[in-house]
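Dropping the structures in below, format is structure tokens.
The two complexes that follow have chain A in common; it is paired with chain B in the first and with chain C in the second.
What follows is the complex of A and B.
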């Protein structure tokens, strides 16, 4: 006689696919992603609490790193360069997006010029800056030929300098299109309607910009500038090529410790990785909160 | 001199082959609601944008209360505009939306701003909603806020660009009455754009019918029903059967018979006799005969396309009378439902 009992929930092998078909279909991918993300992060965290032989070392690596002058110096250098780059990228992107949303002859060419650098690898961008801005570069030679500088060595240090001017230039040049593109999407859409509405209510141009346009694009700026900050903070290629001998970015410091043949610094490299991640997370959270507050206060 | 005066305004958008406005002439009197009526793409919204300064005309002039508006930026013009979308600032409260312009422009003291905001909330029937977020409002409430926000600037001219087109019919009627009430109370001159002839007739003191960037006829609503100036105006207001005829004085002779038409925009000679589809009376008993060519049921009424005296005419008949294709309909034409317009 056939059983009439219903299978218990969870006992039926097909319950998951029946009840959560979407989840079930994505499960293999979710597992793969979890392994791909979680395992390396776990390995890094574990490494940061170990010594060079892989034995548990407590918080020794963190104590060493946080007690080091070079770490704080590099952190400050990386933060300063990233923040200045992000700020300048926002300003440049905003000005360009405001100009590019208008209709004018040659707009397509202007759009291309403003975005072609997206396709240039960061290492190539850094090399271009060296060719252009170093004391033996093109600008220096032109400046000398025109008599602006007495010798090639008289040209100001724009790359390999302690303040990271060349780095900032590379990051701004490479990253401002990301912000510009995301702003343009908003500026060419709903923002125009709101701006026209404000104009038709007697609100002047600058007030419209600050009270209508800016709050409309604020979420787009917030998201894209976080990406720009994270990318410039964690970038290795450009600081490795353009950085000075005295001031190293955190990513260069990390790599040198990690790649040291001695292997004794590798646990500290793991600790720096974790600290970089925490700094990035803290900045992102603070930034998002500030942006959300601003949007709530003045946004649309 | 008209309060609002548009003379020979021409506007062609960049990249567009055809002009949006082709010598637009329009005038409005102080305190009236003038509807600009027309189908989509006829240039209504462009006309409003030119008046508001959001678009600059290629030629022609715009004057308000004797003052030239050309060359003034939108914010410098004593004009406010309400758009089809309410475009409320969603993160702000109703009160903040209402007092947006004077608050941002700092054109009122805080005390006066609060007082005026309260008065506007009352006028817009939004009492008690001042602290509510704009995102929480219904469609009708949103448009009231949008209207109140525009009126807070105390404009000399208020432009309304299809402000009720997104609302359901019941709410539309309520807000139409509200707009008329506001117009009566404040005496604000209003330019009201719509594509709905019934809405225009309900709201406006006068209607300017627009086609292809020009005004075809500007008159009181009843005139469009009684004596349209031309065939396009007649068509827009529901006149459907256009029969070639000859007019001499008040007598119009056509294949459908002779009609006495006292008031008409047409000169003597060849004209078009216009017969409303609802003109058929004495169904089944009248002197005229028509053969049914097709039947289109429309609820309580049925539309019959017929052949009558060598002309194709459309008749709307109550469903109490039912006919099939090929049947003969006997009827008379209500002389109140005919008019004539100049032949094209």
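What follows is the complex of A and C.
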């Protein structure tokens, strides 16, 4: 066989097997991303510095966007909804993870149920919540049957409301299992030993939770919750289905600006896209920091 | 900290009620065309299910979604395999930067890039046709799959390959019979998450997409937002949208719990 006669790779003392060439392995990615991602970004950035006729407009679009109330309103709405969703998800995840960490009968099924909805598309999750939570939904009917509310209007606006309650419920429902799974990975491992030591030293239950358990799972929480924040902040489908007409998420506002048949708002829409992209790039940096913190690596 | 049995049961019960409760009205609506407040139970008349076979949108869209997402997952695996292996097993200059860049399409919302893609895809004749749709999905799920797979390769020891090669086994055979079996679970999981990612995409498919190739979310979204369509039809469509994913997840649950797996990281 020809292959045995060939001199073995690895004479450099570095590697035995000849590896797949580095550049060639990344070629499909590089070509695809350059053409279909970087070029579109360039088009958007260019659009954000142009007026509606495509002529250079300097910073005008950014000044307009940053000086408008609609931008700050939407930004605040999106930030508030995604921060509250993330926080509530962490709390629920912590409770469930602590309950699921030990071995018990039926744990396998319990684990499946506790993460089945992770993979449900957000559009489906949003609609499911309409069936459940709208003023004519199941919960409203149950609340009527139990005598808590007397009319459709008596049941609180949980979907289509201006505060984004329905949105928060969708995001929490969809994302808290994800944080829970990330925490379980740690809680079933390293954390146990430290806790036993602390318990042996007479540290109480709650103190153990706050001073031993939480610090050990903190990196896992940080990484997964940053992901949850980004996913809920940038989501379009859930706010498009559940949002109200008064308060719009950044994504919905952006969509409406861009899709307006009168195309005068497009340059501003491009500027908003750039700003949104920059914010999320900062989130990626935070994510990398958090992920590196867990494994004691440093990175971008 | 051990949680007392009673507390544990309470927390798990509450969590499961919260997780499963939303499925009840969904199922009920799918079997009923008439459910008016304040009735707690609808009038079960089979709902939209009997009419599903004569529906001209939902079933073709289901087939289209399956085709598209399977194709995207397959292409992503092939195109990312060697990149992921290099990323997971080797150290080289610029590796950190690549890992950073690969995260960007996952984090930056599709709404912030999709209209730029629309302009560029029009110029490339990739607008409003099937190749364009596949390309658009790959833009987001090829980097994602690369990251998932590279995490798999981080736990993979190239020593096995070295041994095989030293014994004179060819490169192709080494890859097929040594490398692939060792990372099998990881590859399956990466493919499944890529599939699920592509399966959930609405906006991108709607903006770039092929008008003759509508996927399930593209068909469902207008049904929801218009609001005058029957809830039963929406419920049936949503069940058909969710069910394939649950079936796939159950089918690969063994691979999902493989201890050698790092791929769970970052999959959402």
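Keep in mind that, in the parts below, the second predicted complex is superposed on the first by the 241 of 300 C-alpha atoms of A that agree within 3 Å, B and C clash if a C-alpha of one lies under 4 Å from a C-alpha of the other, contacts with A are read in each partner's own complex, and residues count from 1 in each chain.
Heads up, the rule we're going with is that contacts are C-beta pairs under 8 Å (C-beta built on N, C-alpha and C of every residue); 3 or more make two chains touch, one makes a residue touch a chain.
Just so we're clear, the structure is a prediction, and the values are computed from it rather than from any experiment.
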{"item": "Touching partner for A:40 - first (chain B), second (chain C), both, neither", "value": "second"}
{"item": "Contacts of A:193 with chain B and chain C, given as first, second, both or neither", "value": "first"}
{"item": "Partner chain in contact with A:240 - chain B first, chain C second, else both or neither", "value": "second"}
{"item": "Partner chain(s) touched by A:268 [first = chain B, second = chain C, both, neither]", "value": "neither"}
{"item": "Which of chain B and chain C A:137 touches, first, second, both or neither", "value": "second"}
{"item": "Broader residue contact with chain A after superposition on the shared chain, chain B or chain C", "value": "C"}
{"item": "Common interface residues of chain A - those touching chain B in one complex and chain C in the other", "value": "199, 205, 299-300"}
{"item": "List of chain C residues in touch with chain A within their complex", "value": "1-3, 7-8, 11-12, 15-16, 18-26, 28-29, 36-40, 79-80, 82-83, 85-86, 89-90, 92, 96-105, 107-113, 115-117, 119-121, 124, 126, 135-136, 138-139, 142-143, 146, 158, 161-162, 165-166, 168-171, 174, 196, 199-200, 202-203, 217, 220-221, 224-225, 231, 234-235, 238, 241-242, 245-246, 249-250, 253, 264, 266, 268"}
{"item": "Sites on chain A touched by chain C in the complex", "value": "1, 3-4, 8-10, 15-20, 22, 24-26, 28-29, 32-33, 35-37, 39-44, 47, 92, 95-96, 98-100, 102, 104, 110, 112-114, 116-132, 135-138, 140-142, 144-145, 152, 173, 175, 177-178, 181, 195, 199, 205, 208-209, 212-213, 227-228, 230-231, 233-237, 240-241, 251, 254-255, 258, 269-270, 273, 276-277, 280-281, 283-285, 287-288, 299-300"}
{"item": "Interface residues, chain B side, partner chain A - complex", "value": "14, 52-54, 73-75, 77, 79-81, 83, 85, 87, 89-91, 100-101, 104-105, 149-150, 153, 159"}
{"item": "Complex contacts: residues of chain A adjacent to chain B", "value": "103, 193-194, 196-205, 207, 211, 215, 295-300"}
